[in-house]
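Per-chain residue numbering starts at 1, and chain names A, B, C and D are given in the order in which the chains are listed.
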């Protein structure tokens, strides 16, 4: 009765998903793992009763003990595993990015369209965050009139030394981009990148950035990425409508008064801030697999995110608006 | 490997726990139900594969297919089922109140002491609420110095017509009383009840109340209960320490500006406000049962709550301080 | 055209009022000062053009160059100067306490009644604070239904070593008492004092206190006084009505995110917190004097505050409810 | 001893300043008025004892009964009156805009430089708002590291029908521009204007706008102007530094819980929001005049604002970055 899940890629995020599936969520069991590092796959499998380590993701996908597949491997390998799962007719949850190139995204869409219905969910967890959901409900409920602007801030206390300028767009702002597409229920048509004075905390890294999106319907989105801001992980968002605004509230649970201030904790990192969103996201996927339906962020959303971030990289290079050109949207994506 | 749970009492709350165990939490399966209404037990059992309806709670407890017991029956029956589970050596989670009389509470404690170790957890879910936990961490971490006072407000939008004056103490304030005992890690030594002007919204009901507790170490707690306050379910709390204070923050996730105000939603009821606390509480119990340990609110906490609320009822009748007399605390309760 | 003011008592508060009248407010000029310390009076007079130092408050009051009198002398001398001003038919603003004994308060009332109309305003500045005024407007506008309870907290970072237990009631809580009378537009009928565990920061001082008031209409007020709480000057208040509540918001103007928290400043002391209230209060008095009318807190309010704090002292000694017995209210007080 | 002020232009804002000077602030008296509508000047003069109506601003400026001049006339006339006041060696406060053309701004600067010291203060009242001052103190105190970005929102509930697209930049965003120059203590080097989807509430008006400024040191400012947003007058601002942020807090004084929400009032208009700033600004000017010094926003600030808004208009027309070219800064402006 429980959904039997195979996990491809058991690095940090893969292991965290296994922990979540086995100790937090209902309705599933992990039966298979694989990893390009075979020893790691065997080591992880050995920690759990009833988990088999497979030599390749393809063998894992083919296993009759696997009902659904969770892809947590390196980004460039996503196309390979996701299309294999689609061909096997199995539901697949793929961590973001779905595709590191537009071509990979198109290939996945082609495979899914050939299958004839959705099988893929992409890991844009913010859509499952209670605060973003309340924001969307407020917009969709007409509380603030037609949405015209979206101010979004994505702040990290720090990033590792291997973090590159491209990653501010491709890894960081991609979440704000997906949220914008979802909140407005519209595609992005153009991107521009403005570079403020560089923070001395990031070495050579151009940080912060101000990324502008023009949505298909004309709304404007501005995204601040500040990835070395020291004080904490701070996700801000405000939609400006014709008659009102809706904004994310601070997420603290208690207020402490001492030493001259009243203060609330800022989350340390994305794990603390989005812990619930990850749980709800994956539970929703498990429930959907058991019910035989796919929902949540689709391959189309993953493909569109890649095309928009590609445009963002072009915009950063040109300092001008860069167009976003998407293929026609197949009907299976609604 | 999953914990096999039998649920005694499958009214609203029992069914909600079954939903939680089967569709939200990890690690358990419901295998048995019983209810004084046998038809209802059969009806609930029929909804789930692999669930057996037992004629009595005692038979359910005795079943080899039941590893642990969840008691959601009528309060006066708690002693009967909880002591039976203890005698069977099975872990038991009992919804509050553990006991409707001091005698019942003592009987449960005697049974557990005779068993030699803790088997019982009582459903004081606030101890699992992230905000209360942050408050406790702040106190225990010394952020505000020694705690001296606790201001607590317990507000319900409305209560059903069968809600009586006693229930404001026994059903409502009991949560604030348990939280006070837990936050201060001290017993209550005296109780007083002050009766403000009566709200016209509650008919004959004396509402609101101001309930004062003197803790064993001298700290003072004031609890406002307002159970017909219309605007929503509003749980406020602030600990006043020697050098600072810590207070529950508002729980809203978004702020909406429209029509001249900036506003946040107030929870509608306890389900909305404490939904996460219920999940965390029961997952913690399941995890503990699987690990062979009991933690969380104990029989002692359930017994003490009953003695304090009994003193509260006496205090309400006398308009003076009423003493709280507890038996010696058995060593199994730490 | 400007109101010519004589100031009796030019210690710290008297000098601050002179500063306020001459450099902040419109419509007045200070023409006379007096002080029991004649040298200080001369020294202050010498700092301002056109200010005369008088040997006694009575001579100052009698001066034709004085239109209105500001009494900032030692509390026990208030009766003497206020009644002299009333006999001279001059408007008089008296810093709190109006009277240090019930007898003094009655004497002032008798004098004013003999005069036939109000001449006195007492320095309960909170009634001029924008936040308390908004709170009163919310209650009076019916936004929260009939008011049933008032939770008030009065927290000082520290008090000088000469601060005694009585002062927590007579000097500190007196503000909360006046605000309660004003917000409810009702007298206090009973007082009780509950003593929590003593803060180690106050030496022998019993701090904090929880002071309960029962209003004439039955509403209950609880006042926390914490006068050595270190973190700052923190004035909290919440009125609980039948259908809602209204509470003072935090007063900070900016929020700073750094070092893991989002924080707002807490005022350092009453000067910072109520600076505007003092300005508005005194401007209102000047405007009233120029218009020939008296408003704001009256002798009656000053007298009632003294009787209530006297009852508070009795209650602190007895640990029981102490009755508040007021004389009949003369018609000039509305 | 009081500063004798002549007011040129006694329309709504001029009359409001007269009210402020005569009934709110200390240290001044209004002795003269003039207006292009001579009947209105006479009517206003007749309302106050000792106020003379002059036929022209020049005659008012020349009057020996006028120590300092307050210019509240139509913008295009500012140059004429301000330069006349400078030539007369009198302090002059000029409502914004100081100049409606760059040429007028330069003429005023030339006159003041010829005079040899500052005589002019421009009415950018936000610099006197307690919240903006706290923000500046936080930046200057190093609390958030070097400032890199500034997010500013300027929202009006509605604007009159004669409000044109240019006014969003010249009348509305000019305040955010001045605040940015002041907070960063840097000039603006470039401007860009992005036009979101148009609000249906503003007829043909392009509203909202997103205006970007690049500061001389590289920091980026984004200004949202939404001038028909219905819900109220909402001024938001957040400075993003290298290690933290500082943001304007909501300005409400009380929180009301009722009907399912906890809500705070949003100011209705700029009068409500900046009432204190106007008072502090003008008191500061009066105090400075009495002390023989000029401070606050200078002619240079007024000139720079005009050049930046001119660039803004050019940017709006071109959809590209427009350069801001300022003349050399004379030494009298520090």
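The rule is simple: a residue touches a chain if its C-beta (ideal position, glycine included) is under 8 Å from a C-beta of that chain, and two chains touch if they have at least 3 such contacts.
As the structure is a computational prediction, the values presented were derived from the model and not from experiment.
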item	value
Far-end chain from chain A, centres as C-alpha averages	C
Geometric centre distance via CA averages, chain D-chain B, whole Å	58
Centre-of-Cα separation between chain B and chain A, whole angstrom	37
Between chain D and chain A, distance of the C-alpha-averaged centres to the nearest whole Å	44
Touching two or more other chains - residues of chain D	230-231, 234, 243-245, 250, 252, 257-259, 264-265
Chain-level touch network, classified as line, ring, star, complete or other	complete
Chain B to chain C touching residues, read off their complex	145-146, 148-149, 151, 153, 194-201, 208, 210, 212, 214-215, 217-220, 222, 224, 226, 228-231, 234, 240, 242-245
Complex contacts: residues of chain C adjacent to chain A	230-232, 234, 250, 252, 257-266, 268
Residues of chain A defined as touching chain B within the complex	1, 21-27, 49, 130-131, 134-135, 138, 143-144, 243-259, 264-265, 276, 283, 287
